[in-house]
Amino acid sequence: MFEYAPAPESRSVVDLKPSYGLFIDGTFVDPTDGGSFKSINPASEEVLAEVAEAGAQDVERAVRAARKAYDKVWGPMPGRDRAKYLYRIARLIQERSRELAVLESLDNGKPIRESRDVDLPLVAAHFFYYAGWADKLEHAGFGQRPASQHGGAIPQPLGVAAQVIPWNFPLLMLAWKIAPALAAGNTVVLKPAETTPLTALLFAEICQQADLPAGVVNILTGAGDTGRALVEHPGVDKVAFTGSTDVGRAIARSVAGTSKKLTLELGGKAANIVFDDAPIDQAVEGIVNGIFFNQGHVCCAGSRLLVQENVADRVLESLKRRMAQLRVGDPLDKNTDVGAINSAAQLERIRELSDAGSAEGAERWSPPCDLPDRGFWFAPTIFTGVTQAHRIAREEIFGPVLSVLTFRTPAEAVEKANNTPYGLSAGIWTDKGSRILWMADRLRAGVVWANTFNKFDPTSPFGGYKESGYGREGGRHGLEGYLNV
Amino acid sequence: MTATTTSARSELSELGRSETALRTFLHGLPGVDQVGAEQRAAQLGTRSIKTTAKAQAIDLAIRMVDLTTLEGADTPGKVRALAAKALRPDPADPSCPHVGAVCVYPAMVPHVAEVLRGSGVHLASVATAFPSGQAPLEIKLADTRAAVAAGADEIDMVINRGAFLAGRYKEVYDEIVATKEASGDAHLKVILETGELATYDNVRRASWLAMLAGGDFIKTSTGKVPIAATMPVSLVMLEAVRDFREATGRQVGVKPAGGIKTTKDAIKYLVMVNETVGPDWLDPDWFRFGASSLLNDLLMQRTKLTTGTYSGPDYFTLD
Amino acid sequence: MSERVAVRKTYKLFIGGKFPRSESGRSYLVQSSNVSLASRKDARDAVVAARAAVKGWAGATAYNRGQILYRAAEMLEGRREQFVALGIPGDEVDAAVDRWVWYAGWADKLAQVYGGANPVAGPYFNISAPEPTGVVAVVAPERPALLGLVSVIAPAIVSGNTVVVAASPSEPLAAVTLAEVLATSDLPGGVVNILTGAITETAPTLAAHMDVNAIDLTGVGDAALATDLEVKAAENLKRVLRPAPGNHDWTADPGVAPMTALLETKTVWHPKGV
């Protein structure tokens, strides 16, 4: 046997303070009316730092700071100068990428291989991409606006953006929110998730390091109440949310009747469809990447495998063999493929749904795998014999759990794939080009990966159909949510 | 072996009788997506192998080296020196294992055989009008018989790439069958020359063709064309031997050759073997590196691990 | 010799390409005509018809949709006098025809203007293209009866959506007459469905309906009703086009937003390799 010795990434590159305040108007301040909470390492349950919890008055302060910065500095600033700040931030992120990656893995539980090779490069690239838009907004193709609406050739920003992001890709979601908002000329108040606030706070330090004018970016840590106070604040002009469909629904209700522009990136239950002529080995990689990447904490995860019945046995055999190679454990070990579940609550939800899968008669399988004693862990799991009626085929599990269904014809695959209230992503695996295009036309999903899965790029619009939300992030399309167009 | 694999094996053995059957089978193999295969190989290359795992991997890699010289300028003296190094790669350290084999041209085989006799180090010889294979079949077979007669116990043959690319699969198949027969007891390694096959689909087909025809090993390259062994090519070949064993019960070895120069490279390959086909192949009987300069880098890294100090090229023998 | 007795028209609903009376059997009097008073059930039936029409209409070629919309403009022009007789000013009818023609031309241009290739950092073909969102509920503005109606229907259907329209309660005759135009324009049944009657009855049903993908509230004059409809629409995350602030000028250049707000963007990736 070839046993890999532990290869831990050094955590000494991260200099964590015992406690963090709120980042308002360019400085870290204590909360006025909030308390504090602890952010823990989900792989060990060790406390990483104590973090301020923003209350309503803190929200007020932050929104006011953002408004002032919008009116006085960022709004009037020429696009070319906004661009330079964003380029500067992109460079600082590249320079401090190791530190950010380690902190991301510590706070989130994701493998360092992913935070290092996926999250951080994409974060920097996202700022770099949108930096270039800041002085080109009139060329972004949003058309001539009618004379009755805010005239002029250059699309105008909205004002203050309230942004609430999830815990699965803390820094990447921050980048997806802040980069286009700032490029378009808005100022922001961002609330990171309560289980993963730390990289956002390090990002605040980067804003200071970049000499970004005070108030342009404000970071409020806290939980659901903080987020609610922020999105409901009458002083915000734009709300951007990534997270669960239930919370998205509540936000959509709360902004009804206001002029706040809303974009939502919500849940998913993507079908990953494998045909009998697929490049099998790459399809198996795609299935694994589709559901086990980031512990399955991915809204666009390929959580429903639809495999053509005539190759189902073969694909499943290969999949199981491949799953046996997944290395579950210490997120900071460079050889770890699957890290820790982000929180006790999330682990509980994964367990509950998995138990429902077993109770409803699906067959459960996991490779042999030793899980650490402390921390939150869930072995990579597949369920076979799943039907559309099973809860595990309909509800988003947001964990390393794959439901396997079969189909016989392309039309049946499309029908099953679309038979969900969600519509974020889909996968197609086949060597036949015309079938890919036929399928892609019919799948009701915002991103269709053909013969690949879970690929992201700043230039590529991302977002859902139906209850997966609305608006797009990334690319030219991603500017629209931050412009008065 | 199960009944199913037995019957599958006998069905597969029928394929070589007909051009149509071979073509139908080979073209029915699952395709390989280039980007996906290359990403998987790259991902395997990011494994971090440290300390004890690294020491173990280095010794295994040394045992897997087919220490090779295939030059027009090879002389008896040169190949004898190489053979001596194969036996004792690090004269200063008796705990250092010997390599898997020495690989030379047929004319050099007798000189190497003298040195290796009884050592457990195999003697491989390229044959069949290596590297182009562009000679009449009779000459290629005679080349093979001569090498075996002179003491080679492993034959590295080249496939007829021209015939393969022209779709004359049966011709390629028949040549391998004939060479296997001419090799007698010697192990037959079939060089696909993947750099000339151009696509991974072709690599997969050629791998199966070689295995169906009776090859004991499939090998990437001659080292004589610009593109030699690569991680993704070797990945596709490993998947082929894995699937072939599953279908037939017969295990076939894999030998990437050419371009593997550093310990880091070699360890990446071992990781790939480990995670693609598993420990059954982590043995010199089933996996080899066709290489020359790789050995000295392995030795330097080995010394670093045992002594804690980085060594230099002057401290290792140049063959 | 006695004067000829005119044949009067019955103003009915337009659902699935047919002209049924309200299943409730109710009607209300407008301009001396009894107009069907659509029920919640009629609204649900209209959604079913609209959903059934999505596949064919969204799946039609953009060229084909453009042709059919242009055909509708031809029919509209031909019935000019009929609208004038209902009290629609001639200028408004002309503007409505022109607007319909303008939108018709967008059918095969939307994907080019709002889609495109994305230069991702890797060996991938990556393209984004707009697609219709599906079934769109539309609350037509109270007036202008014809231009307002055309201005909310045409931008929704040109991209392949199908619509259920709650017509102006006070001026429904133009809506039913427009339905007759559409019924003779090769437009597949169910692409446009028109409900006459009380908006307060039909619109909340449409806003809350889980098989409706978007709702256009541009024409809603009552802010409280608009908010209520937007809240209901949140239940399945409908795309919402909010009422235009202030007094919306329906004669002004509408821009592209009425179309683009009802589009989804689909991005497709594929590796490039040999």
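Residue numbering begins at 1 within each chain, and the chains themselves are lettered A, B and C in the order written.
Please note the rule applied: a contact is a pair of C-beta atoms (placed from the backbone, for glycine too) under 8 Å apart; a residue touches a chain by one contact, two chains touch by 3 or more.
Bear in mind that the values here come from a model prediction, so they are computed numbers and not experimental data.
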Most remote chain w.r.t. Subunit C, using mean C-alpha positions, is B
Looking at A-B and A-C, which one has the bigger number of contacting C-beta pairs? A-C
Can you work out the whole-Å distance between the CA centroids of subunit B and subunit C? 68
Distance from subunit B to subunit A - Cα centre to Cα centre, in angstrom: 44
Quick one: subunit A and subunit C, Cα centre-to-centre, how many Å? 35
Where in subunit C do residues touch at least two different other chains? 122, 124, 271
Could you list which residues of subunit B touch at least two other chains? 33, 35-36
Listed in rising order, subunit A residues that touch 2 or more other chains are 451-452
In the complex, the residues of subunit C that touch subunit B are 122-124, 271-274
Within the complex, subunit C is touched by subunit B residues 33-36, 38, 198-199
Subunit B contact footprint on subunit A (complex, rising order): 1-7, 113, 117, 277-282, 285-286, 325, 334-335, 431, 451-452
Mind pulling up the subunit A residues that touch subunit C in the complex? 125, 141, 143-149, 245, 248-250, 252-253, 256-257, 259, 264, 266, 421, 436, 440-441, 445-452, 455, 457, 459-463, 465-470, 472, 475-477, 485
Applying the document's contact rule, which stretches of subunit C touch subunit A when the two form their complex? 59, 113-114, 116, 118-122, 124, 126, 128, 133, 213, 223, 226-227, 230-231, 233-237, 239-240, 242, 245, 249, 252-257, 264-271
